[in-house]
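Take a look at the structure set out below.
Every chain is named by a letter (A, B, C and D) in the order it is written, and numbering of its residues begins at 1.
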């Protein structure tokens, strides 16, 4: 039985979502650890792209900030944010965008802006950063976040980064946009999206059962035809994560 | 050519006025803390502060009462949490906000730099950001009728950038992450460049590709080593992550924050004194080992 | 990572097809003559050739019968006069033209690179260019109603660029004039990079700011020293102005031009044979004296 | 009495138009020689900006082409053409644009595109290059060209680069544009523009008289209130020009 922490389970599962991927747009925190882990395992050709304008980073340490001198030294390229967001992200050159969120709904809409009303929030979150355009322009999006009834909500308080439909189920993604969220990784399991854009449970981490998922979701979570029992990180993966996260 | 080198005190006095729109840019890298502290010392008021990531630098300026409005795209202490002085000011109704995404801010500077009435970008569709900010609008393409989001130009009265080096003519060179620095400067009416090092023009002209801004667009050059601390200057010093982490507790507590501003800003007469207070052990600990770029050959042609 | 290095013959065979829109870019500098000659040798037809300045490189391709259309902004032999093969083809109705200004072409590549439906620019007001080209249109700003000219995106099927060096992963570095090379490549469906020199990845990664294109956007790397002659490669060789001047008389005379194509393109099996034919004296005469950029320090952080 | 050639007279006079100027956008040929001469004489702080993206060039030789390695080595900066045309030229950072032309009319409209109709030209010229946007976005424009009834025409065959009014005298420059042509330098004299945008003779080179100007103009050229007798290049200026042009 593994002694992996919930964060370590998420990092390992998120890294698994990057198997064979060539370009990932990385945020700070868990996505950063997952992407670095993937490069050491399932995606050796993975180029880490940071919104600060660093492409093909080979960080010698896991940075506190998305801009860190260790990302630059030894990278393949730096570019201005105009080139990065314009020519690179908007130009369709990013396969996977990895995003976190404070809230998600069944359509994969992400909130990182406010809890409560925009003008009188109970919690003011950081806002979009690059998330809104990553959600729209990356070829697909992998979400990594903690799951509870406060985060997997019936209706997000603010759509920072669009998913597959508007919160009321109307609309669809613009024709020019990428595929949107294709996987959500939490400490409980892994979720995919149906053809119509609604989230469904696709995999459960070790020692997590169906009821825990329902207890951690504010709507009636759909089930995939088959639900995988996720293997959890191998000992060597855990070692690698701990080397990375320090 | 007459030298553009002046003291930071003179540059701020000459170029930053109450009520100005000010951009102290530098995305995670080369954040102009020395300049911000000088603005605080000179007691500027009612500034409109623009920056993708307000960071500690604007949390300090807001705490010091310099600002009436914030234009931004990501409001937090990276890897740590919130910017508490800014949050308090917003909640107290003392600080107006105008919010974009990163690409929106990048595009606003691009429009400002290149004198465009708007800049189009593929963002905001399906997001609530456009409803929250009426300056995010839409334009129809005259080719296929498709609608696309646009943002208006941002033209700061003054942009302050920090960089590794410049010559006395104002040619500025930077390496590593350059973010939006070029556009933020070209968009501005006045530009102050604060640098780690003043070098001979021959150093600049030996490698013209490294020039971030030619001297013709720079109004003042100020030499302030360690002037971007606690952010970093590639090749010069590391990010001081401890300062970012410690800031959380300081900025949560208005009286601690006031004491911090007295100790680290108002009681000092400039960045050299700040570096003294940091102490040589801290400064040394932040110095990286060398990692040279190597040289390329431009060729001498006659 | 598997190497992207292939022969130029393989790269052109794999990535350039009859009827493609092709951009061989490089503004005065790093013009991809080696690649163009390989396209001629492989007998491509009906290409739509895009380039700000068609230059000798497209005069030769048009003379060889590769092209059905030209998209450009300045049509001449710089400092010398006309491009006679192109003029004859236009006058004979064998070559369609689509004409912009430089900024228009720059903006078309920018729109293509960044997946925009149009790109706005302050040009064409009061000029007859917009009347001559119905793809130059106008958009109203949603801020003040002001009208501004726009151009549509240009997305080549393949863009070919020449540069000083690359590694086997396809990371390309160039110095000196880079023109529109980055946007022209990012706008393309396929990218061929022809370089003077293949270097170890560590050389690239020691100076990431010099990277023009990261390997993720490059499909093939071909190593062809002197591949931009008679244009120049900063630090490697000078512009061969004599070739540009001599071209005038050659391209005026269709039979001389055909003989030139036989001698310098069709009878050769590649750029190495072309360099042999130029001869060591000419090659040596074009080599500049060294002028090193100097090295900067990125720092090693752990 | 000077042995200056007509080109040398034009170069010297055009250099004089750059006195005290800081930034000039330079084309190839005579403007290039004039700008380099000005930097050595009346405008020591002049930064030569070439449309290839070179700023602050210190060429060790006069290049054949606007892109030349000698422009880059020792320059203050290089930039992409997007930054040059967008942030620099369009951003209003260029004081003077120096342009040549095959035809000019009384309003300063310049033709470098075709002689004859656009679709069936008798002479196909190079086209705009950057001239159209230089004419609109530089703070002001200095034109350097040879003068005759074939070049100073009643109506240009094609407006490549706009002057002060449309060829029929209608319209005016857009409100956002620079001041447009303020001086035209030819082998006969120097011309300025009146408030209403029409050209007037302002100065005559040595040994040129009024009738020569009229013989070299296809419309009735206006006269400035005072017409200067231009001094012609000093011996040392001529020497400098010959060193430059070689």
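Throughout what follows, a residue touches a chain if its C-beta (ideal position, glycine included) is under 8 Å from a C-beta of that chain, and two chains touch if they have at least 3 such contacts.
None of these values were measured; they are calculated from a predicted model.
Of the two chain pairs considered here, A-C and C-D, the higher C-beta contact count falls to C-D. Centres computed as Cα averages put chain A at a distance of 56 Å from chain D. Computed centre separation for the pair chain B/chain D is 39 angstrom, with centres defined by C-alpha atoms.
Remark: chain C and chain D have CA centroids separated by 28 Å (rounded to whole angstrom). Shared interface positions of chain B, i.e. residues touching 2 or more other chains, are given as 110, 115-116, 121-122, 146, 176, 182-183, 206, 209, 234-235, 238, 288, 291, 298-302.
Chain A has residues 54, 68-69, 72-74, 78, 86, 90, 137, 176 in contact with two or more other chains. In terms of which chains touch, the assembly is arranged in some other way, matching none of the line, ring, star or all-to-all patterns.
Across the complex, chain B meets chain C through its residues 115-122, 137-144, 146, 148, 150, 152, 164, 175-176, 203, 206-207, 209-210, 234-236, 238, 288-302. Contact residues of chain A toward chain C in the complex are 22-23, 44-45, 47, 54-56, 58, 60-61, 68-70, 72-78, 83, 86-88, 90-93, 137, 176.
Taken in their complex, chain C has these residues touching chain D: 27-29, 52-53, 72-76, 78-80, 82, 87, 90, 99-103, 106, 110, 121-129, 132, 146, 176-180, 182-183, 232, 234-235, 238-239, 241, 244-245, 288, 291. Against chain A, in their complex, chain C makes its touches with residues 1, 110, 113-116, 169, 171, 182-183, 186-187, 204-206, 208-209, 211, 213-217, 298-302.
Within the complex formed with chain C, the residues of chain D that make contact are 28-29, 51-54, 63-69, 71-74, 78, 80-82, 85-86, 89-90, 109, 113, 118, 124-133, 136-137, 158-163, 166, 171, 173-174, 176-177.
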